[in-house]
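Letters A, B and C mark the chains as written, and numbering starts fresh at 1 in each.
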Amino acid sequence: MNWDTWLPLLIVLSSLLVALVIFVLPEDRSKTRTTLNLGGAALKIVLVGIMVWGVFNGHHYETRLPLLPGLDLVLRADALSMLFVALSAGLWMLTTVYAVGYLEDSPHRSRFFGFFSLCVTATVGVALAGNLITFLLFYELLTLATYPLIVHRGTEAARKAGRTYLIYTLAGGALLLLATIWLYTLTGTLEFTARGFLSTLDSSHHPVLVIIFVLLITGLGVKAAIFPLHGWLPQAMVAPAPVSALLHAVAVVKAGAFGIIRVVYDVFGIEFSASLGVTLPLAIVAAVTIIYASMRALFQDDLKRRLAFSTVSQVSYIILGIAIVGPMATIGGMVHLVHQGVMKITLFFCAGNLAETLGIHKISEMNGVGRRMPWTMAAFTIGAFGMIGAPPLAGFISKWYLGLGALEAGQDWVIFVLAGSSLLNAGYFLPILYVSWFKEPAGSWPAERCFGRYETALALLAPPVITAILALTLGLLASAPFSPLEWARFITTLEYAP
Amino acid sequence: MIEMHWVVIVILLPLTGAVVCFLWPRQTVVSGLITAVGLFASVLGLTWQVLEQGALRYAVGGWGAPLGIDLYVDGLSLLMLIVTAVVGLAISVYSSAYFRLDRAKHFWPLWLFLWAALNALFLSADIFNIYVTLELMGLAAVALVALSGGANALTAAMRYLLVSLLGSLFYLMGVALLYHSYGSVDIAILSQRVESSPAVWVAIGLMVAGLLLKTALFPLHFWLPPAHSSAPAPVSALLSALVVKASFYILLRLWLEVFPLTNTVPGQFALGQFGLAQILGLLGAAAVLWGGIQALRQTRLKLLVAYSTVLQIGYLFLAFPLASIIGWKAALYLLLAHAVAKTAMFMAAGNILFYGGHDRIADLDRVAQRLPLTLSAFGLAGISLMGLPPSGGFIAKWLLLEAAIRSGQWWWGLMLIVGGLLTGAYVFKVIGYAFTRSDLPHEPGFVPKRMEWVALVMALLAIVLGLFAPLPLALLEIGSPFGESLR
Amino acid sequence: MNDVLLLDFLMTLLLLFVPGLPLLLAFPALHSRLPWFRYLALLPAVIAVAIPEAHSVELPWLLFGSELGIENSSRLLLAMSVFLWFWVMVLLPAARDRSEGRPEDKYSTVFFLLAMTGNFGAILAMDLVAFFVFSTLLGYSFYGLLVSGRKNKARRAGRVYLVLLILADLLLFEVLLITVLTTENLEFAAVHQSMAQSDSLTLYLALVVFAFAARAGIWPLHFWLPLAYRSTRPAVALLLGIPVVIGLLGIVRWLPLGEISSPELGLIIFGSGLVAMLFAIFAGLKMAQLKMLPAYAAILVTGLFFTAVGAGLADPVIWSHYGRFAYVFIASLGSGLAVLVFAISWLQVRRDYPARSAGYADDSNQWVERWSGLVVVWAGNTGFDTLPRWRVWWLAKMRHLWLLIRIWQRQMGVYERSLQRWGLAITLFLLLAITITFVMASAGLSSSI
């Protein structure tokens, strides 16, 4: 019994404590640090595994600590949070392995890994948050923990990117805070409840609720990089590759998207949101983001920048899935939360490998790189096809349910958005694949390093290959038990129960 | 079991300590530290006593209210005492490493004396005693500012002295007017007798203005940045964290107990208070903006931190127009969080100055990377000042915003958010340098580990305050100091 | 009893291995160690052709739940495919001598096996999604096969093929969505039944026909076919029949032919088939190189096929009478094309057959490629290029604003210094005291009146 009340806290602590220990660890103790990192990650995966199993079998895990009179710090495991927790726990492990390989012999590793762990702590906290204030708490912690990672390189560009990031996110956080408190004064509770807790409110409050909704979405949309608020994301790609991977796939962007899911489903309730008339504008904003960012991606020559715009576009799939009211679209949105993470992390790992091994940063330098690094580029290919939505990869499943949901809800225009986006995705991913596989290499690479037996260091090679396989498996075995798709269906039955 | 008179001990112990430090300058550090620890323990004892017995009124020497000196402890004053004890202990530990002996022998007696004055101020139950302790505190503070020597410090100290005297003088005139009209200086008695009359109007005008001057609310903050930035680091810390708060405490006390004139028509005199509250709120808002912008333009670290104090004081005054229990609690929690965080911040600034010999922000990158603990302290304290979760500042901001929205005056809440963003801007202006690489090597000084750790512990405390808010908030309820201010 | 179960199990295994083994062997790590791995990959398919028994296997865990199966019609197609692949393998060594040991050869092996997987899988697929998945796999890996020839022309062919492929995929995706909304069960038979009654039947038909026409290179979406025939290596050219065959198979499988009557659409398809045949005869046979002959033959035959489909759509009776020949037709088309290619390349090797009017086919197809490039250029001109310009403008504005802020800041500094003058400070202080007094007084007076 006791176990049930402490498990969520343990999951959060499993990386928090690691972070704290790493901060005080001397710089040269890299063995200890790696052991700690991996140990923490493994422990977290085990705990999350236990929890997933428990939630599936109807267990109730909840940690409740008093924060303010009448307001508690609540960490709770529900079906939705498990989706995100499992994603972040799993990908953290891989990213840690990758980061250890990537940052070998570079300075300030203690600082880096400390904040790295802190970042995951915040992400897991965001996932497990049982009410809006807990969510806010970890959400802001995430902002703060990510900043040092973005400026890690210490160059002028990095500092500038960090500044932009902060301007955006702190302002967003402020709006979120305002909206949260406003909501609290209206209702006196902030607990996430399936199908929302606002529908009982008097209808005279509805205009205010619309304003609050807009404030919340704007605040969260900064991190989720919705169209006019996405400016920080392409700049933040100056960060080291593992950070970009984490930023784009697991932590920051996803926290924003996850927050929007929470707000729409568990604060307002999807049906109530629809009756307020706020979902259609949200869907339109998401659609505009999808198309606009894809268009921008077409014109980028810098690989990571192109991927960054692709993230902006892809994350809005999630939001689109939420904003189309209907169970199918919900499944699509939620499952894309996981799928996009797996695919995008693959792409960023690969981009990092290219930069680290051959010094390639631009697409125009990628001619024939597939011959030099076949494994990396194979993983990249799978990730890219997944993003396009080619069957049977993970992206196909998400797109499938999104399209289905749109038709089901009678919003046929979404189909065109999806089709257009797929086309554009093909337009900016396929040329990369083409030049890297089929063009002649240009003689020498910008800055080649040799890593012995494999095409690059094993710690750099294994993570993208694993995530690529995962992206394939998630699509192929979409209907297997405990797959993200099945889990998203499970959540949807809770949200739309009659 | 013998009943301990913690109330008296809390005042007498630092006085004794000051005398001991003064008489035996060679052992000054040791005796000072022992006193600080003892004092901390006695405040804990007092807390325990108050928790057991509720609000206490203690007549010194057994004489009653109108004639003798009364000491009074309720949740409000207890919180102030605790803040002072915590910050005081940290400052004591920090100073034990900061000063060399020639300075230390001046510092310790003055500091303990100041501590005694503070404690007495928080415990006083009448407005005249408050005047006396305020004056004592002011004199000790001026002497401490002058401690670092140098022309700048002396000018700043001189200015500070004049301000301090002027403020006290105005306060004293108000006290005299009230005494003349009602024949008592006891707060409890005054709160029953005071009614609307020209003498009271003038008295309130004089007292409030005097206290605002000492609290350094915009536009009367002109003395604060030079004084706080030119003083030695521990002194800056205690000035920002405690001394400024003392006059705020007095204002709050008077506001809650003396100014609402109970025997007039309800609502009528409240109107006057309402107008005054709006003025205070406006000045607070202006202080937030002004302090934030000025902090942003500073090129020296200690000045930046000093202007940040101006901003934070503005926050405190935003609670006046809200006038709800949540608002007051928020203000006091803010006071607590700010005291702790600002101490950490000044200590961090002191460390940087100690190490690099300068505090030019643009050249910080040479220093910052060598002092990770200090920079972490600065960053964590900054988080609390910004009001980001989880931190004491966040809780305060949350409560204040809640009060603002509940009272329908959301624009004050907006100022809070603007202030938070401004704070974020200037904090990260500094933090950013921790991550840039500097090509120029720097001639390093030596920073004692103790100084780094104290700063970090205080900063962590500011964070932890965000997780254990119910405790201090419950403490504030004792004796229900805000009970009457319900509107 | 046990025997039946065992047999069942073995058949299931076999069915899984038909597409599964080539897929596995496509991993370089696996096939680089094995001799004769190409033949090995073919083996399960050969066995499946040889065992004359209908069997199907449900795979509920795969995607949304899929089904693979084999019966007589698909056995015929499988046999044809096996035949084609086998011949290509036999001929490969001859084609390989020039590119031996080069990396693109390694790639084309991978693409070769992947395309084989796609081909077999699509033939065995019993539901829409599985067919879609395998045919897409076939499409993309076929692109790889085309392009790894490394000739410029091959690249152009590949590019055109790829654009059509993506468009077709998008359309089929929409088709799938429409279908799922109508029926839960995506097996071909069930889909036929429910689509026949659906409201969106016409849309469904049009999309399916259009998409598979693009994939199979049916006129007027034939651009890639002549280009491909002209530019690829002979071995690959032998395989060019396969996407055509799978495209036609898709039409037969996906359309509820024989169950519905849609005269208008049928007429249109019938007409386009006729025009295609005419086009193939006039444009193709007269002007093209000999090497491109099979392409025009393919266009001719697929045009013929289209007339049949059109007729079948218009009158279900026709289809139910003659529909069963469709598979035979498709199978013979595939093998026929291969024979043609083989014969021509043999002819070319024997005596250097003169190539005629090389330019024509090139130019006629240019616009397709330009079109995709045009989109980019157009988008660049109309906004997405100006967006950065706007940004620059905006940044300049911001910089200006920043300058203002700087000036303002300096002003603030002046104010701050003046605040620090005693005279002003004291004045403000006294003013404040007086104001407060007056505020209190005004309220107090109003109360006493």
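Note that a residue touches a chain if its C-beta (ideal position, glycine included) is under 8 Å from a C-beta of that chain, and two chains touch if they have at least 3 such contacts.
Bear in mind the structure is a predicted one, so any value in this text is a computation, not a measurement.
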{"item": "Touch-based graph of the chains, sorted into line, ring, star, complete or other", "value": "complete"}
{"item": "Per-chain Cα centre nearest the global Cα centre, belonging to chain", "value": "A"}
{"item": "Subunit B and subunit C: spacing of chain centres that average the CA atoms, whole Å", "value": "70"}
{"item": "Chain centre separation (subunit A, subunit C; CA means) in Å", "value": "28"}
{"item": "Rounded Å distance, subunit A centre to subunit B centre (Cα mean)", "value": "43"}
{"item": "Contacts with two or more other chains, residues of subunit B listed in rising order", "value": "none"}
{"item": "List of subunit B residues in touch with subunit C within their complex", "value": "166, 170, 196-198, 200-202, 204-206, 208-210, 212-213, 219-223, 226, 264-265, 268-269, 271-276, 279, 290, 293-294, 296-297"}
{"item": "Residues of subunit A that touch subunit C when the two form their complex", "value": "295-296, 298-299, 370-371, 374, 385, 389-392, 397, 399-400, 403-404, 407-408, 415, 419, 422-423, 426-427, 430, 434, 437-438, 475-480"}
{"item": "In the complex with subunit B, residue positions of subunit C that touch it", "value": "409, 412-413, 416, 419-420, 425-426, 428-430, 432-444, 446-448"}
{"item": "Residues on subunit A engaged by subunit B in the complex (per definition of touch)", "value": "23, 65-69, 73, 111, 133, 136-137, 140-141, 143-144, 147-148, 151-152, 154-156, 158-159, 162-163, 166, 170-171, 173-174, 177-178, 181-182, 184-185"}
{"item": "Interface residues, subunit C side, partner subunit A - complex", "value": "28, 60-65, 103-104, 107, 129, 132-133, 136, 140, 144, 147-148, 150, 155, 162, 166-167, 169-170, 173-174, 176-178, 180-181, 372, 376, 379-380, 384-385, 387"}
